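Across the two complexes that follow, chain A remains constant while its partner is chain B and subsequently chain C.
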Partner chain A sequence: MSPQLSYLGVPLARPKVGFFELSSCEGCQLQLLNNEATLLDFLNLVEIVNFREGMSERADTYDIAFVEGSVTRKDEIARLTAIRKNAKILVALGSCACFGGVNQLKNRFRDLDWVKKEVYGDFPIETMEVHPLKDFVQVDLEIFGCPIKKEEVERIVTDLVVGKAVHHPEYPVCMECKANENICLFELGEPCLGPITRAGCDSWCTSNRRGCWGCRGPAEGANFKQLEEIMHTYGFSSETILDRLECFGGFASFADAVRSPNKKTPARRKKS
Partner chain B sequence: MKLSCEVDVHHLTRVEGHGNINISIKNGVVKKAQWEVIETPRFFEAMLVGKHWENAPYICGRICGICSIGHTLASIRAVENAFGITPSTQTADLRLLLKHMETLQSHILHLYFLAAPDFLGVGSVLPLAKTHPEVVQRALRLKLLANDACDIIGGRRLHPTRTVVGGFTMLPEKGELEKIRQRLMASIPDLLASAELFKTFAIPDFSRETEFVSLKGEINYPFIGGGLVSTDGVVKKEHQYRAMTNEYCKKGFTSKLSKLSRPSFAVGALARLNNNFTMLHPTAREISKFLGLMPVNHNPYMSNVAQLVECVQVVLDSVQLIDILLGSPWQEARQPVKAKQGEGVGAVEVPRGILYHYYKFDKDGKVIKADCVIPTSQNHANILHDIEALANQYAKNGKKDREIELLAEMLVRAYDPCISCSVH
Partner chain C sequence: MIFKVFKKQELARLYELLAVNVIVGPVAKGNDRNGKPLYDFDVVYDFDELALDYTQTVHSPKRFVLPYQETLSTFAITREGWEKHVDINVYRPLVFFGMHACDINALNKLDLVLAQSTYPNPYYMGKRKNLFIIGIDCNPEPQCFCRSMGTDSAIHGFDLFLTDLGGKYFAEILSATAFDLLSQIKCTDPSAKELALYKHTTKEKSTRYTATVDTSDLTKILDLEFESTAWDAWGEKCLSCGTCANVCPTCYCYGVEEHVDLDLQHANKTKSLHSCNLIDFAKVAGGHNFRPTSASRLKYRYYHKHRGFVEAFEESLCVGCGRCGAACLADITPPAVIASVRGKE
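After this line comes the complex of A and B, so read on.
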């Protein structure tokens, strides 16, 4: 398909790549097709051997498996385990895979039978508590975001192919938002998790005057107590904060602390 | 002559989500012809219960990765209808423009990446990059244009950021809209070339009479809100959507299904076109005639052609919308929102057909009940009956297993199903 690519004079092997999805909107995979300008270059870098949404051919050997979505039914555990077995590197693609994503909002309800009844009435349907991939298999790399940022994925995949270490920003979205010279959304009356959410999205939402809902999970050393104070100062309720904290699952422990304030607050997240 | 056939397609490819096709023919008699949807449900309607109204569009947009803009707009419309908010003309025009660009993006994705490989005898778009580079480049150009326009208007092509109840968090630069207008004009030759390409495709000769449900346009080809209509003569108002969808559950299916005057009905580009052909732009109508599509057409494979006609429709209408938007100074982007007790429905024609969101709110604006009826769930029963009819049509003429399998796969793909969306 393309001439042999090399990096610093070393020829690059085109790794075999598979894309898979558990419970999800399949949007993160689509983000890769949403890369019109660079799609063909990207396809030169890897050999896609399994991508059900885009191609009919399927193979069971691949170097890198990108798995989108969260686990919400027992058969998905078996599928995930099989993918893990076949792959050298397993990548959790997007917030559903990393944290449970919006799917885990149903975990707010202890009574799963009520959840089932609310949607399907008396018709029997199987589901379970929502889990991220790492609860069942070893995850080698996480790519955060709802949706994932295509530029970031391309950088990460390029790093993987050339054998570089993959690093996520440790600082919060707030830094990127400032660098993009936006007016602070608190000043515009908009609640925002930018001060505690991990950067890397280039302040995607806040640059569009939409407050951050924390889809990428907490930044290293996220100072939640301080954020809570800021939010209250600007007149936002605990409910408003909680809506954002619990939306994607990345801030699950923070959300628990807001729900039961008597328990100890995870004031500062320890650097991992 | 071979009169027996076994087709077992597990996790059909080149569609969104997980579905299986099973066909069994013995000595020319169809023993089994099934379409199964086994996707895991995510329970969005339960997730929303107890949530403040502003969560609804933000969370529900995430039902679907292809038509997130359509879901967000249907959700916003339902909330606004519940609160008695009428969007400004500017907001309505911008939303329709955004909707059009999602339609273009989604249709091009389906036509070129998911459907065309079957007609060109390949497994995916990848080999076409080598054998038909001009086709792939054209598809990417059109998709990029649509996606760039979504970024500019909605803030993001997937899970939009600027779309909120009351309007937009911010407005596009007029210069950016002007550039999109130029690119839209420049895309017309690409669309005509697409029509020429699809003219060369052998559309399978299959037809099964069914009922088509869509919005009914008053003056314009409809996309956001308005009356509901079917080709069997059922007419309902937007808030009466349940009388149109009649959802039920079925064994072996994690998606709900729908029926109306017959055991099944169809929604989507073909349904919209069948119900609103006279409201198409004259050029779009010409292209429809050129491709042999005249209402009422009952060949489900013609949905591909209907999507192509709609690409022309939305591009031409978008140019007019941009002219209107550029013709007057920007007004306020967003109007204030006051929550109130009540219920509201939002019906929006998304790429795969008519989508309904319904919410009931308490006096604090918290969700008491949510209901989302997805186009693909309305199509499932029709797909099921089509597969049966297809199997019966070909049971006696000795087609090879692989030929029947391909026809069945192409049939399901023609509906452009969004299966995870239908299960949500």
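After this line comes the complex of A and C, so read on.
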């Protein structure tokens, strides 16, 4: 680590950052460590004071907190509140933190006690309905994706350090998918949420011939009504659409609209 | 123009003569869900990879002169100050083996803006000037309305254009390079019979177009129908996904972003092709969006293609290839949109 960070000859403060995880697979944090080619530059850019996956030392003196995972237990609310208090900037890292992620699949069921029993049997474990971070604390920045795209995080962190505004693409994945010269998966007979999901992933899944599941949540002004019609035209059922809409939580309100009122399963989804 | 005729097997010989260069051509890309073959342009390494009887490629040849993403320049901080490095990203000539007339005309239209304007674009020019284009005749597809746009045949913008006469190719030669090249294969001057066959072939083809767009007085109609409710109806369908612009052979709108590298010692300026249908296309500093609704954005795409460009260059920015309509999941096609705006649902 060079002693003084500078950009265009101007000294810059090296932010102290901490990485934290609530209920999650910690895969988003692993993504950052995965990138050996740029890891040293990344470590030079910030001073990491808390990162369970990467180091033993821990401190609470951080400027930016990256929080992965969703809130599924009461003690996590307390932990999240403490992190919020310590941090100047709180970043929701990944789909779990932004929308509840895969964890929130259990919110589909009306009876969460039944869910607990199915999964954990008689093992006493405290777990509640899944929430994204923003249900409890102010989130300053969201980084979407399951997992996050490391190139995107590196760009965002660079922007934060040099003081540039952070922008997310507002348009859907189709834009990047076509720019990658892919043939539309609908034409190949596969369902895809690409037309309504926020871009920025560089069409990671669809470039590998996997239909989009919407991990990055809705694009601005997503035209879901039209996509629903397209899904039906291409022979996909409402159940197929629901499976995808509900997978990561970003499309929760869209899923509610699709589900017929009498089959509405999650009675207690927080209204936002 | 010089016309020659050669036997079909000579084409492989022509390919071999050109094979010292990078060759791009239509190749098969599997089948769609209905078993219909799909094609796209790609670099080919063997003559047999070429699918010269292709229907239409999913993407246009645009990316070879106008990449979807291109680094315009890079910057590095040095001990003495800083350096800028510009690379127009042309390393070798490119041979286009088998381009349909619509796509050749599309390049000609791009030239009007990017090559023949007051400030030619060096990144485009570098690639465009280093193209050797062999055109080939096509079979009209249901989505093709090129005949309405006057782009069903190419008058310029290629080196060589081939028309299939059965066992032979009828070749139009437009460049000295193409003439020199053809002198190295066995070809003959067309006989009266072959000329008659060529004329018959092109005439017969012209009867097979099904899709049409009524372009008469279209600029005026568009002016008159600016407030038409037809735009709102199409806007409701539009996904604002940019697919139409990405598959379009003539859409050239772009955005430029500058990024600082992670080491804070380097930076780059990158150009990405954009689409006027994207929600943030007309968003400016301060957050104001001049075209916040999908209807207004879709409308402007049509106004640029069929009105603004016509007023500036006396021709449309659409070649009628129909790719946008074919690729649009919401089934928004220029023939249908223009007919509805004209009030001919």
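Heads up, the rule we're going with is that the second predicted complex is superposed on the first by the 256 of 272 C-alpha atoms of A that agree within 3 Å, B and C clash if a C-alpha of one lies under 4 Å from a C-alpha of the other, contacts with A are read in each partner's own complex, and residues count from 1 in each chain.
Definition applied: contacts are C-beta pairs under 8 Å (C-beta built on N, C-alpha and C of every residue); 3 or more make two chains touch, one makes a residue touch a chain.
Computed from a prediction, not measured in an experiment: that's the story for all the values here.
Asker: Would you mind checking whether chain B and chain C clash or fit side by side on chain A after the superposition?
Answerer: Chain B/chain C on chain A - fit side by side.
Asker: Should A:A78 be classified as contacting the first partner (chain B), the second (chain C), both, or neither?
Answerer: In the superposition, A:A78 contacts neither chain B nor chain C.
Asker: After lining up the shared chain so the two structures overlap, which partner does A:F123 touch, if you call chain B first and chain C second: first, second, both or neither?
Answerer: After superposing on A, A:F123 lies in contact with chain B but is clear of chain C.
Asker: With the two complexes superposed on chain A, say which partner A:E239 touches: chain B (first), chain C (second), both, or neither.
Answerer: First partner only, chain B.
Asker: Check the residue A:E57 against both partner chains and state whether it touches chain B (first), chain C (second), both, or neither.
Answerer: Once the two structures are laid over each other on A, A:E57 reaches chain B alone.
Asker: So in the superposed three-chain picture, is A:Q31 touching just chain B, just chain C, both, or none of them (first/second/both/neither)?
Answerer: The answer is first: A:Q31 touches chain B but not chain C.
Asker: For A:A13, decide between first (touching chain B), second (touching chain C), both and neither.
Answerer: In the superposition, A:A13 touches no partner, neither chain B nor chain C.
Asker: Write the angle, vertex at the C-alpha centre of chain A, between the C-alpha centres of chain B and chain C, to the nearest 10 degrees.
Answerer: So the C-alpha centres give an angle of 110 degrees.
Asker: Figure out whether A:S23 sits in contact with chain B (first) or chain C (second), or with both, or with neither.
Answerer: After superposition on chain A, A:S23 lies in contact with chain B alone.
Asker: What is the minimum C-alpha distance, in Å, between chain B and chain C after the two complexes are superposed on chain A?
Answerer: 12
Asker: For the complex, which residues does chain C have touching chain A?
Answerer: 29-30, 32-33, 38, 40, 58-59, 63, 68-69, 77, 236-243, 246-247, 259-264, 272-273, 275, 278-280, 283, 294, 327, 329-330
Asker: Would you mind writing out the residues of chain B in touch with chain A in their complex?
Answerer: 11, 13-17, 40-47, 49-52, 54-55, 58-59, 62-66, 68, 109, 113-114, 117, 123-126, 129-130, 136, 140-141, 143-144, 147, 155-159, 161-162, 164, 169-170, 249, 254, 256, 420-421
Asker: List the residues on chain A that touch chain B in their complex, please.
Answerer: 1, 21-31, 33-34, 36-37, 39-40, 43, 48, 51-58, 72-73, 76, 101-103, 105-106, 108-109, 114-116, 118-121, 123, 125, 127, 146-147, 190, 204-205, 208-210, 213, 239-240, 243, 247
Asker: Chain C touches which residues of chain A in the complex?
Answerer: 5-8, 12, 38, 41-42, 44-45, 154-155, 157-159, 161-162, 164, 169-172, 174-175, 178-181, 183-184, 186-189, 194-196, 219-221, 223, 225-227, 230, 234
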